[in-house]
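Each of the next two complexes has chain A plus one other chain: chain B in the first, chain C in the second.
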Partner chain A sequence: MVDENKLREKAKEVIARDDVRRLIGWKRGTYGFESAPIVLTDASEVDQLIFDPTCVQNPASFVSLEEKLPVPRGQEPDTRKVAVLVKGCDSRAIVQQLVEKAYDRDKIVVLGVPCTGVVDRRKAQKMFGVTSAPVEIKEEGDKYVLTIDGETKEAPKKELVADKCLRCRFPNPLVYDELVWDEVAKWADDDFADVDEFEKMSPEEKWKFWDEQFSKCIRCYSCRNVCPMCYCVECVVQKLKPQWTRRSTDISENSVYHIQRAWHLSGRCIECGECERVCPVDIPITKLNRKMTRDVMAMFEYEPGVDVEAEPLLACYNPQDPEEYIM
Partner chain B sequence: MGDYKFAKDKLAEVIGALKDYQVFAPTAVGDVVRFKEVEDASAIKLDYANSNVPPKELMFPETETLFKYRVGGADIESAVTEPKPRLVFGIRPCDALAYTIVDKLYNWDFPDPYYQERRDGSVLFGMACAEPAANCFCTSMGGGPASEKGLDALMFDLGETVYVKTLTDKGDKAAKAMGLDAAGDAEKKAAEAVEKDALAKIKRSLDTEGIPEKLPSLYDHPFWEQFSDRCLSCGICTFLCPTCHCFDIQDEQEGFDGRRARMWDTCMFSEYTVHTSGHNPRPTRKERTRNRISHKYSYFPEKFDVIACVGCGRCINYCPVNIDILDILEKSKQAEVKEAKA
Partner chain C sequence: MSEEFEPNIVAFLCNWCSYAGADLAGTSRMRYLPNIKIIRVMCSGRVNPLFMVNALQQGADGVLISGCHPGDCHYLEGNFYARRRFMLMRKLLEHVGVDPGRVNMSWVSASEGAKFKEVIDETVAKAKEAGPMEQFRRRQINW
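Now for the complex of A and B:
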């Protein structure tokens, strides 16, 4: 299945097209278990592309991150397409962005990358430490074979794989123009046991938990900026008139930020887990989003990012919608 | 100055003896290490590579009140206080070196009283690194695992005992207050061995020769885009940098009570430079990435004769998209000036 040559061939064909201006994928990182997103503009650069279990980032995030400068008078804007490589989970972001009409379907070329799981850097670093040289990881059945500083090491896949992969329901992209290799079999399911477990806590315990977590927040906004669904041109926390959230970091303002973000993503979060991965102070952000996801599923039988024909949850109304939570 | 030692299992007593000081030390919440005021010495964590959040927050807090006011009133109430002397226990040599760099800025045209009060009132007890991390490159930036720069005392973890070498009168006074035993040649020798081992573990390096002079000539060079294309424009690299020192100022009011506060700001946010007119001189992540690197490695040394980087590796360790400052600087050396637009 994983064949980087195939991936590079397909990417080369796409980036060479006259109607494509950039292609977003992954490349090898500079140290340890890192990979890095890469934006290509020329077919000569495709040799840098990789796909292996370190390719955890969601390239769909980078579609909306591009900042365009005003076009000088007399010049035409570059309206060529953006091509993007996506894993199954990443593709849900594309679906949801299309549902929300963030851009038109004919403005992007989606190359689907069926995926059998990516590595959680934190877990890998705990097991093997961090090396200054990049680590190579290959999947062999239910284990990973790692080349660390020239030495070969092994680890069971289930111990290194990201939590989101342990409950992955969409290993194959849900939207694509072309798949770079054959679809893979689904190997996991999601029962939201983690949400059930968390809900067993009393309100006081939950508050204590979040108080400790939100107190750590330094408001770097990496969770927001990496989020493929946080693509507002001006985020509500930036607004000054009126100022909904103060710039000061304290438990009150930090909580407002995180709770606000969880609400703004309800019925929209596609669970790529990037927010939690990037947090420099280990705040388990997806716990909030998963609670919203499960409630939205239970109450509205709605799941974001799976159907390009769907209407956005908060933009549609059904007379049968439950309203117990409305006083 | 003096040579002292204490047994590691006596840490609580050593810290407890510092009655006249407010003691700060690294503590952990989960895997996240951060400097906090010590309430219970058992919470001190000394076996870590470097704290997630640098101890710059002890001198330059994330958010601090500058003064308070009442709406309609004519007076302000200053928030500059003279705190109890502080002792920062277990700070890494790179973070202490960073203070000496930030001092230049906060003492430049106008001495910043908030920062200065804390700096002057602090005694720094450094802890030499025995296990530098993968992305440490302090030895390239004028520091080292046992660098004494900016410290009042340097400690070495020798297993069961800690060797304390005092470097200033302030440090010696605090060491005496701790009630430490005298150390001898055995400890000094062991400390040298710790330093030698640590030096051998630093794998990354940078030759900074020529970089400050070259960067301005690469202002419009396309090589920045290799990095800025994937930049998230988040605050990780700057907020977690021990030498980044920018802040925003905001007035916050509740009813008639108000305060003017300052909080960390970062040149990586687009709103950092946005003008009232809406014009932004750094409109994309290319200009912001270029500014972060150029400020550290060119503008700051031009003004203050020192590169504003100590090689702690945090911006590399925590960047979610692997933007590696050493990679950028190496590429900047290879970049051909003629490719830059005139």
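Now for the complex of A and C:
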């Protein structure tokens, strides 16, 4: 199971390879219940790498975000590979990016990290309060052992683990070059009960809910920046010609921003839950994305981020697609 | 003074079938409701679902996207892509609380002037039932 020495050894081995430029992973955060992402370029830095239930971030977000600066005349572009550590959910982002041909498979080295769940910062803060020192968390059976400011505390795993892990169907990476340790057993299934529950509300109740949520939005675009699937060079919400949504934060523009984001992620969202995690005003963004995921599965029998050979959902069609609403 | 609510409908019609169908309805002197504002596009596959959201934002109470029948597309497959897209967008708007009757799609060929009239009547009836679009209409127009 989780063995950081094994992880560091493997990372050292990979970063020392001639054809690997950098490695993306996790290091201990500066405070609180979350770790921080780290980009390694040298084998001497591997001691900073960690893996424990604080490693919530999706490192797949960083793979396609690198700025491609023009290369000075006479120099060759650096075509070496990027290595990335991925949990099960993160690996789906890699799969979907490969499906969309964001980069070639031979341009990355994927190190799979089978995972047994990560901690939700909000739940932990509710239980233990906000801490200024980084927290270390170890998993022991069905409970977590937390080291907060030098004190050791315990909590049942069920109460701290993130919602996405409670319904995790892919704890093991779906695409990898090497697994760092053995695969883990799947412990949950997803029946989209929360979506069904929401669907029961009347249109007025639904709008009342979203009106309240969208009104909070301050349009910091954190959800977009952190999303592994939002890697467009120029995002439609910041385009000025034509300007699709204005930059003001009123309910009309906020709604359109969230609708267009959910729309752009339909058939692409891999449910890593990063958007909701980073939201500074706690908008339940995954409620929109999960609805689209469920409908795409029901109507088109398509699930994003599972099959590397698949075609992107909206770039293909089936003559037998449902059309009951068409006059 | 009480006036009956008259919805604004924005219709995106494809150049090859539905626009010709609308033309036929006109030249055959059929009367269809005047609530509709037609925008001609080259194919229903040209219509980005954001056009529709933007129309709802800027004062439309309903949107109609109309194209050739499946298999008749001038560009062979544009309407198949459109069908997928609008199916998803409709589901999404429904989830947010917008009446799904505001988003309509139809297949009207160049010879179906009578069908075009029916489609318009139905679209207007649905938008009337849904009432004025108030959810995310722009309140401050001149920002």
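One rule holds in what follows: the second predicted complex is superposed on the first by the 324 of 327 C-alpha atoms of A that agree within 3 Å, B and C clash if a C-alpha of one lies under 4 Å from a C-alpha of the other, contacts with A are read in each partner's own complex, and residues count from 1 in each chain.
Keep this in mind: a contact is a pair of C-beta atoms (placed from the backbone, for glycine too) under 8 Å apart; a residue touches a chain by one contact, two chains touch by 3 or more.
Values in this document were obtained by computation on a predicted structure and should not be read as measured data.
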item	value
Contacts of A:I38 with chain B and chain C, given as first, second, both or neither	first
Touching partner for A:A102 - first (chain B), second (chain C), both, neither	neither
Partner chain(s) touched by A:R219 [first = chain B, second = chain C, both, neither]	first
Chain B versus chain C as contact partner of A:L166, first or second or both or neither	neither
First (chain B), second (chain C), both or neither touched by A:F300	second
A:L313 touches, of chain B and chain C: first, second, both or neither?	second
Touched partner set for A:A188, first chain B, second chain C, both or neither	neither
First, second, both or neither for A:S248, with chain B first and chain C second	both
Doubly contacted residues of chain A, that is, touched by chain B and again by chain C	246, 248, 250
Chain A-touching residues of chain C, taken from the complex the two chains share	49-50, 53-54, 57, 70-71, 77, 80-81, 83-85, 87-100, 104-107, 118-119, 122-123, 135-140, 143
Residues of chain A touching chain B in the complex	29-32, 34-39, 57, 61-62, 65, 67, 69, 122, 129-132, 212, 216, 218-222, 224-226, 238, 246-250, 274, 277-278, 280-282
Residue ranges of chain B touching chain A (in the complex, touch as defined)	29-32, 34, 52-53, 62-63, 133-135, 203-204, 229-230, 232-236, 239-240, 248, 250, 252, 261, 263-264, 266, 269-271, 283-285, 316-318, 320-324, 326-327
In the complex with chain C, residue positions of chain A that touch it	198-199, 203-211, 236, 244, 246, 248, 250-253, 255-256, 259-260, 262-263, 266-267, 288, 291-292, 295-296, 299-300, 313-314, 317-319, 321-323, 325-327
